[in-house]
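Quick one: this structure, given as structure tokens, is what I'll be asking you about.
Chain lettering (A, B, C, D, E and F) follows the sequence in which the chains are written, and residue indices restart at 1 in each chain.
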Amino acid sequence: MMNNLTHLDENGAARMVDVSAKDTTEREASAEAVILLSPEAFDAVASDEAPKGDVLAAARIAGIMAAKKTSDLIPLCHALPLSKAEIAFEPLADKNAIKITATVKTVARTGVEMEALTAASIAALTIYDMTKAIDKGAVIEGVRLLAKSGGKSGAFTAPP
Amino acid sequence: MMNNLTHLDENGAARMVDVSAKDTTEREASAEAVILLSPEAFDAVASDEAPKGDVLAAARIAGIMAAKKTSDLIPLCHALPLSKAEIAFEPLADKNAIKITATVKTVARTGVEMEALTAASIAALTIYDMTKAIDKGAVIEGVRLLAKSGGKSGAFTAPP
Amino acid sequence: MMNNLTHLDENGAARMVDVSAKDTTEREASAEAVILLSPEAFDAVASDEAPKGDVLAAARIAGIMAAKKTSDLIPLCHALPLSKAEIAFEPLADKNAIKITATVKTVARTGVEMEALTAASIAALTIYDMTKAIDKGAVIEGVRLLAKSGGKSGAFTAPP
Amino acid sequence: MMNNLTHLDENGAARMVDVSAKDTTEREASAEAVILLSPEAFDAVASDEAPKGDVLAAARIAGIMAAKKTSDLIPLCHALPLSKAEIAFEPLADKNAIKITATVKTVARTGVEMEALTAASIAALTIYDMTKAIDKGAVIEGVRLLAKSGGKSGAFTAPP
Amino acid sequence: MMNNLTHLDENGAARMVDVSAKDTTEREASAEAVILLSPEAFDAVASDEAPKGDVLAAARIAGIMAAKKTSDLIPLCHALPLSKAEIAFEPLADKNAIKITATVKTVARTGVEMEALTAASIAALTIYDMTKAIDKGAVIEGVRLLAKSGGKSGAFTAPP
Amino acid sequence: MMNNLTHLDENGAARMVDVSAKDTTEREASAEAVILLSPEAFDAVASDEAPKGDVLAAARIAGIMAAKKTSDLIPLCHALPLSKAEIAFEPLADKNAIKITATVKTVARTGVEMEALTAASIAALTIYDMTKAIDKGAVIEGVRLLAKSGGKSGAFTAPP
């Protein structure tokens, strides 16, 4: 079992895995998170009144910048030169929620799953921060990898 | 409604709110996140075999360091001098999950809710990173504020 | 003359000046920068078509986040807990320019002039970045301190 | 017009552009900034008295380090492995000014214009910081791209 | 024994110690490091030929900036607002060495020993970096706390 | 002599050397540091009682994360995409010391000596931080490059 945890060596010590021998290929990953808001907070963020736009604009920028900081946050994550980062928001009006999808690409020796997950998480936390004066009870659910492609380990697609 | 979103001015533009006139008081916040793993990944992380300890040790360090970086990640968050940061893990064997609780304190003009939430999120993402060679399907659920105290807006306790 | 450069000691060596004995007081500074764009780039950023809003929203977030990073950029600058940071944009249609004004506050032992100047500069550079596909010839002019208050050295107001 | 702002998608949302398909080639950019000082401050920085050297040495280091931090400052900027970074200073005694020129190179999928501009700006701000005890009225003018080469969009040279 | 390691809780888990109840007082620490160079490298750095000054100027700036980053490097270290940071160099010609002394102050709830030690270490590593084209065999010795004062635990002075 | 200090130009000004024309090859470096502790501190860190593990786990994570931050700490160091980073600890019971060895790899245009040295130094400083409540007199000795390989300048191995 132990040797499946590639981030630990044979003694259980953490390490940044050697990827020197892996191929430099195009790799992509997408991840999502859903933030459940109170009706009032949802209305303030996602309704179509113009001034509200800046909440999602700030969350989008925060997510993209966080993608670039991932290796500084996740201890054993390799720093990779991201070639694309995008954040999309989908309001889910029936549950006063916002679904955040982050998509990240690189051309590198290892994948960008952590970058996509970090971007989605930080975008969600930014929405929390900007609505917490209205409602401190918002909850972030379903932070998960949606899909990855590229690299020897092959593609992954999350169950629906 | 708009003026409840304190992070936006009257035109909807994002800003870092002026807290100069608020009192410097002791403030504490705790937040949690739960990561649902596959049975194999749970066993590799949380069983009592010695070498596995480094996964949680790495996640703990990552969470504490992330608490200190919160204002660099969340755009409108004030940088605060944290006076305490702790991460606790509780294995939930019945659902192959690990519950992460982050507790943060400061003596400052505004609270540390975002620091606690960021610490819990990054600790959870670190567990994902270190187990993803076994299972890419782990999901982080229930990222939420548990409690806060201190400051004029008073205490908050999440519903159970 | 030499001893007027407080950032150098008596041998000309750089140092971070000792401010331990200074009072903790409320201090504020504002700074501005003007970016001169081509007519096409100005139109893309500052016209009132809705989708264009994200350029200024991104520049605003970049400026606020840069204010918080100032001590990491300017070698001898003290890290201060900012209590407010705001960025305002004023389109100057007659010269296809955008004026950026950054206002920063702290309650600390030294002032926030560098934070305001850095915020205005990085907001201007972000506008450059987001319009450079249209026009690489944009120029940033007049990066300067507008005003500061608080602290023993007293108030400063730039000439008009 | 909108689709010329490559940093915005078709809905006006900010994104880090996909450069995965671009060629990895050598790319260079240079940028300048000019800081106008009072006679006293200029004399303290740029005269040939030995101890004054540390102001420009500090500004040079600050500019080079800022070039490496550009993608952390400019939200939609790709992180690139810089292969060279240099800062040159030219005193302009007739106007008590110092001209800063930053030159940056990479071998990557996109260019380093923002790195050169950021380096020149932060070097100028560092000179401001180190002379502000003498004169808070210094102004930074003419922050602009001088030239870029490499990449499919071809060379750019600023008008004189 | 265990409870003497204040950075570990009763289960041995790492934590950032709670200093909320400690007094905010002036605290100072100094630390040193010595780098032993080859005669050629020592001559290039420390002789009195003018152009060589930039090695020590760069090392000084690097040390001061590192002091400000200490809490981002040392996992359980509290972020403190430094009120002073200075680096001094003393050439030790008889052993082709350079002694680096870092002095740091704060007015805070805990001390700045780690900031002084980090500043001295990074200044020494910068000298290594800038001389390694001549000599890769340089060694850094004697990285240690020289003295600290302020705070309830009282003063410390290293043995000579 | 001057032109041997590749980090300085012909005028002695610091620069980040142009490595654009160097080959992208696999490069590896290892470095070590030794921290001498008091008997009590050594016993608390390195004895085989279970709870003590977190000191070395924290130091290991700190060292690996510092390797990734090297170019942000050492002014003229190129940012490189690390492909491996590992930290090993060897208790030297006869002198109450812990030997830290850091090994870093990249596939890039220049080497990772500074990354290995920085990782070893920060791991050592983290051990200092976590034991300083017991003993402030710990000393870090022998921070040095052990070996490097890859690149045109060839291999280096430290004398024993």
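By our rule, a contact is a pair of C-beta atoms (placed from the backbone, for glycine too) under 8 Å apart; a residue touches a chain by one contact, two chains touch by 3 or more.
Bear in mind that the values here come from a model prediction, so they are computed numbers and not experimental data.
Participant: So which has more C-beta pairs touching, C-E or D-E?
Facilitator: C-E
Participant: Farthest chain from chain F, going by the mean of C-alpha atoms per chain?
Facilitator: So the farthest one, by centre of C-alpha atoms, is C.
Participant: When the centre of a chain is set as the mean of its C-alpha atoms, what distance in Å lies between chain B and chain E?
Facilitator: About 31 Å, centre to centre.
Participant: Could you grab the centroid distance between chain E and chain F? Build each centroid from C-alpha atoms only and quote it in angstrom.
Facilitator: Each chain's C-alpha centroid was found; their separation is 15 Å.
Participant: In chain C, what residues contact two or more other chains?
Facilitator: 13-14, 50, 53-54, 57-58, 60-62, 65, 69, 72, 75-76, 79, 81
Participant: Spell out all pairs of chains that touch, sorted by label.
Facilitator: A-B, A-C, A-D, A-F, B-C, B-E, B-F, C-D, C-E, D-E, D-F, E-F
Participant: Tell me, which parts of chain D touch chain A in their complex?
Facilitator: Going by the criterion above, the answer is residues 9, 13-20, 71-72, 75-76, 78-81, 108-109.
Participant: Show me the residue ranges of chain D that touch chain F in the complex, using the header's touch definition.
Facilitator: For chain D paired with chain F, touching residues are 26, 57, 60-61, 64-65, 67-69, 79, 81-88, 105-107.
Participant: If we count contacts the way the header does, which residues on chain F are in touch with chain E in the complex?
Facilitator: Residues 1-2, 4-8, 11-14, 40, 43-45, 49-55, 57-58, 61-62, 65-66, 69, 72-77, 113-114, 117-118, 121-122, 124-126, 128-134, 136-145, 148, 156, 158-159.
Participant: Residue numbers of chain F touching chain B in their complex, please.
Facilitator: Chain F residues touching chain B: 50, 53-54, 57-58, 60-62, 65.
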